[in-house]
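Can you keep this structure in mind? I'll have questions shortly.
Letters are used for the chains, namely A, B, C, D and E, taken in the order the chains are written, and counting of residues starts over at 1 for each.
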Amino acid sequence: MNFAFGSTEITAFWLTLKLALSTTLILMLFCIPLAWWLAKSKSWFAMLVESIVALPIVLPPTVLGFYLLIAFSPQTLLGEHYQALTGQQLAFSFYGILFASLIYSLPFAIQPLQATFSQLDKRLIETAQSLGARPLDCFISVVLPICKNGIISAALLCFAHTVGEFGVILMIGGNIPGETQVLSIALFDAVESLQYEKAHNMAAGLLIFSMVILIIMNMLKRGQQRATD
Amino acid sequence: MNFAFGSTEITAFWLTLKLALSTTLILMLFCIPLAWWLAKSKSWFAMLVESIVALPIVLPPTVLGFYLLIAFSPQTLLGEHYQALTGQQLAFSFYGILFASLIYSLPFAIQPLQATFSQLDKRLIETAQSLGARPLDCFISVVLPICKNGIISAALLCFAHTVGEFGVILMIGGNIPGETQVLSIALFDAVESLQYEKAHNMAAGLLIFSMVILIIMNMLKRGQQRATD
Amino acid sequence: TPLRVAVASNFKLPLSEIINQYQENTGNEVSISSASSGILYQQIKAGAPYDVFLSADELRPDLLIKNDLAYENSKVIYAVGILAFYSPNKKVILNELKQSDNDKIKISIANPLHAPYGLAAKNILQELFQNIEVFKGTFITSNNIASTFQIVHSGNAPAGFVALSHIISTKVPRQDYQILSSDKAKVPQAAVILKRSKDKAAAKKFLTYLSSPEAIHQIIGYGYEVVKPITVEKI
Amino acid sequence: MLQIDCSIKLNQKIFKYKHHFELKNRCIGISGDSGCGKTTLLRIIAGLETNAQGNIKLNNEALQLSDENFIKPAFKRDIGFVFQDTRLFPHLTVLGNLKYALKRATTVKFSLEKVVEAFSLTPLLQRKPLMLSGGEKHRVAIARAILSSPQLLLMDEPLSGLDSAQKVELLKYLKYIKTQFDLSIIYVSHIEDELKTLSDEIIYLN
Amino acid sequence: MLQIDCSIKLNQKIFKYKHHFELKNRCIGISGDSGCGKTTLLRIIAGLETNAQGNIKLNNEALQLSDENFIKPAFKRDIGFVFQDTRLFPHLTVLGNLKYALKRATTVKFSLEKVVEAFSLTPLLQRKPLMLSGGEKHRVAIARAILSSPQLLLMDEPLSGLDSAQKVELLKYLKYIKTQFDLSIIYVSHIEDELKTLSDEIIYLN
């Protein structure tokens, strides 16, 4: 435990960036196919999956964290297998908070993706097929570029949401610098311990950093839009 | 206050429902026009607004709550005017947490809406104009129904996100039964005070309730989809 | 309107019971708002409509008094929290901790930066090991003492410095914990009456009730100690 | 009477239009090579090309005066448009599409029943556009534009998807309503026959 | 050789197709009233109507055998389609659309340059579809389908947006590639002239 200040914030910043990027990347890879299936399928099963996948938003983060804590403990299947496989504990590790972030941000990736996909003109898919494009090819060459805006939107929500994530990580992170002490936790710590100036500085930094990311993403979106019109 | 179990949760449940419905309704009314403007406008100003509007997600909820608490205090402009106008305090009141929820959930409404709108076929708007539809008429009779899925998605995210909202309300709500003690706070209280059974029951109830809402919303979406195809 | 009491979350359970009795005896209504002492403190500074504040430490009530938000002579120590070393099945024995355990054994602890129980734990460790910096990789810091307990209780850490009150209210078997009797393991919890209270008399009456034999019985039953009979001076 | 003196730049190329059409219950046919700017002309008249510069007057009422920075918005111009790519509203049934136009007509000159009959749309009324054949879509698009009862109707290759029998019949119908219902038409087509049958005057753009 | 014995239910109505087309470097013209099921026939052949029941064989290779629950997916059928509503990819330029087809051709029979020249697409190559005129879109759609070098090319009223000069020229070109490049065509149109110029056999559906 590091009781000294200073480089704490910088470590926390990099950790946050790493966590947010990993979460966004993994969620996009996983959710794009899932959302596509959800948008196309009309079955009751798909509807059920869609609803389940949205559930993590309604659980207060700290409560979600509490249940994850129980799920991560070495007595459970998940915790036990993870420990057997890696020799490490899931809670209080980077992979633990990554896992939690994935669950927590899942709905924010799925929802916009699905809305985008369901709006796609299905005739263009027929066209790609008639030109000999296999399903995956068609998806990559037609669906993804046309739905670019929705995908960027989903990635944006995921990223920002993970940066601001707090309650879950508070529960299962253990506040370990360089491993689980993300910016949001460090910031809250500062508020709690009455170090207001430090808190204000960090909040300002977080906002400026996020603003930059958001502006870049929005520029991408707008650039794309202009070209399509 | 009633210490017998049961009625606390029921009060909290109704309060949560009221808060989530109000937030969703107000945000939809406000964000639909805003998102439409954002999706259409290519100006730098719009891009800036878009990025600012997304900021609340990156601030950890408790930290956002901390700053709102400062903003709400009767020493500030906002707090002072509110108190002068209503004779009441903004923090620790239902309107206070409603205001906070609105800010907190804003990005979750804007993002999917904007993605949806930007995907709309602009030729249909020209068509409506040529048939004599005024801009508002055109928006209501063409844009909204065609973008229904994205709008439902946005409403869903807002609603669910408000139900699960925690950190902000904890900060500025003050945990007052019937006024600001929403379900998520009551649930956290139960966890904090080690009343696990109570916590499990409430979490289960929350999940079932949300599941029902989500399934209904998804049915609406799917029904709509089927009819359009 | 009921009397509004803001209570640090670690004391919410005993307080609920005490208030049940209090309402029965006096007919006066009391409502509870609970959160961590840190959050309650922020809220009070922002004008929260509480009458009485039961903190988990002495620092925050003192700060409120300094800021002229609470009556100086209303401050009382309503309970003294006791730190315990909790390790199910005695996986870790406190006195046998070695520097070589660093990184291998995880110990749950409340954040000493702002949680009073965390500070107490840090002090104890310092007393035992002088230089605790060598245990860098050992500690898992939580934001409050309830999560500190939950982390051990759920099996995610083999041991932790927790509040005795949590051990007692979850009926942890006696062999799984060790009560730390050093003075440094004590956490005096102070209460104050807030200046914005509209009903000082009721607040005072309630605070006085906290030192009644019935209340003390409850407080002790939950694993706290009390200091000399508390009296609320004239305010 | 329609006076146009406009120009517009598309893809670095400037398209210039200087025309004076006598309209009153007449049909002006417009032909010209593909890509010569026929659709663009109609779009300018309808007010859909906001980048156009110049002046337009319809029956002495100004639709656009660039000098005065005046441009009447499309929805206020009493001008109907049958688009080359039909553009039916996908969320409405055929009936919904027709009613959409009818409700927004400034003066209702046509009855829904009569138009539905003239275009043989009865069996299609409850269908969504995605369930229509190419020719069916074109018929609905024309019927919809007529039901909005415009002063001037712009038609961009409206009969391209129809079979010969239907073409003959609809041309007859258009001729009939043109004189009976005080309607002026500007009709773009590549097909000489159609143009000759309907138009009182044919103009070749290039 | 194409053997079809299929039926499909659309809007409670059953469309039945029982045909035997000799294809080898030939063009089959198809005509019929609007809404009689021409597009539907092409869609079934292309494998885009998954609800169709029955059997289809192309040059003795099965495309669909309902008894054996076999249906060859559209992307595996070596069949090109010029859609009535063009369907250019909006996110790609004209060149992008053409290359899209070229890249996915199983055997490349046509060179991009030659086709671009034959359809006079050079000035359009860098434009997005939204910036094209109606006729230009149709030309790109035909060129794209040809560049995918299919064994069989299905064309649904492909020349409807073009001017007469272009029509004549493109019909000539289609005739030329049909014989030179081992291509079979099924050509749907309402216009007798077109059908007669191109087709070796004309079939009237109803």
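In this text, a contact is a pair of C-beta atoms (placed from the backbone, for glycine too) under 8 Å apart; a residue touches a chain by one contact, two chains touch by 3 or more.
Heads up on the chains, UniProt names are A, B = Molybdenum transport system permease; D, E = ABC transporter.
What you see is a predicted model, and the numbers here were worked out from it, not measured in a lab.
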Any chain in contact with subunit A as well as subunit B: C
Chain of greatest Cα-centre distance to subunit D: C
Copy-to-copy rotation for subunit D and subunit E - C-alpha atoms, rounded to a multiple of 5°: 180
Most widely separated chain from subunit E, with each centre as the mean of CA atoms: C
Between subunit D and subunit C, distance of the C-alpha-averaged centres to the nearest whole Å: 79
Whole-Å gap between the CA centroids of subunit B and subunit C: 35
Centre-to-centre distance between subunit D and subunit B (centres being mean Cα positions), rounded to whole Å: 45
Residues of subunit A engaged with two or more neighbouring chains: 66, 188, 191, 229
For subunit D, residues contacting two or more additional chains: 85
Residue numbers of subunit C (touch at least two other chains): 39, 42, 150
Touching chain combinations (by label order): A-B, A-C, A-E, B-C, B-D, D-E
Subunit C-facing residues of subunit B, complex: 1, 3, 62, 66, 69-70, 72-74, 89, 91-92, 170-172, 174-177, 181, 189, 191-195
Residue numbers on subunit E that touch subunit A, as the complex places them: 46-48, 73-75, 78-81, 83, 85, 87, 89-91, 100-101, 104-106, 128, 130, 144-145, 148
Complex interface listing, subunit A residues touching subunit B: 42, 47-48, 50-52, 54-55, 57-63, 66-67, 107-108, 111-112, 114-116, 118-119, 122, 147, 149-150, 153-154, 156-157, 160-161, 163-167, 184-185, 187-188, 191, 199, 203, 206-207, 210-211, 214-215, 218-219, 221-222, 225-226, 229
Residues of subunit A touching subunit E in the complex: 123-124, 126-135, 137-138, 141-142, 145-146, 148, 227-229
In the complex with subunit B, residue positions of subunit C that touch it: 2, 4, 6, 9, 12-13, 16, 19-20, 29-35, 39, 42-43, 45-50, 144, 146, 149-150, 166, 169-170
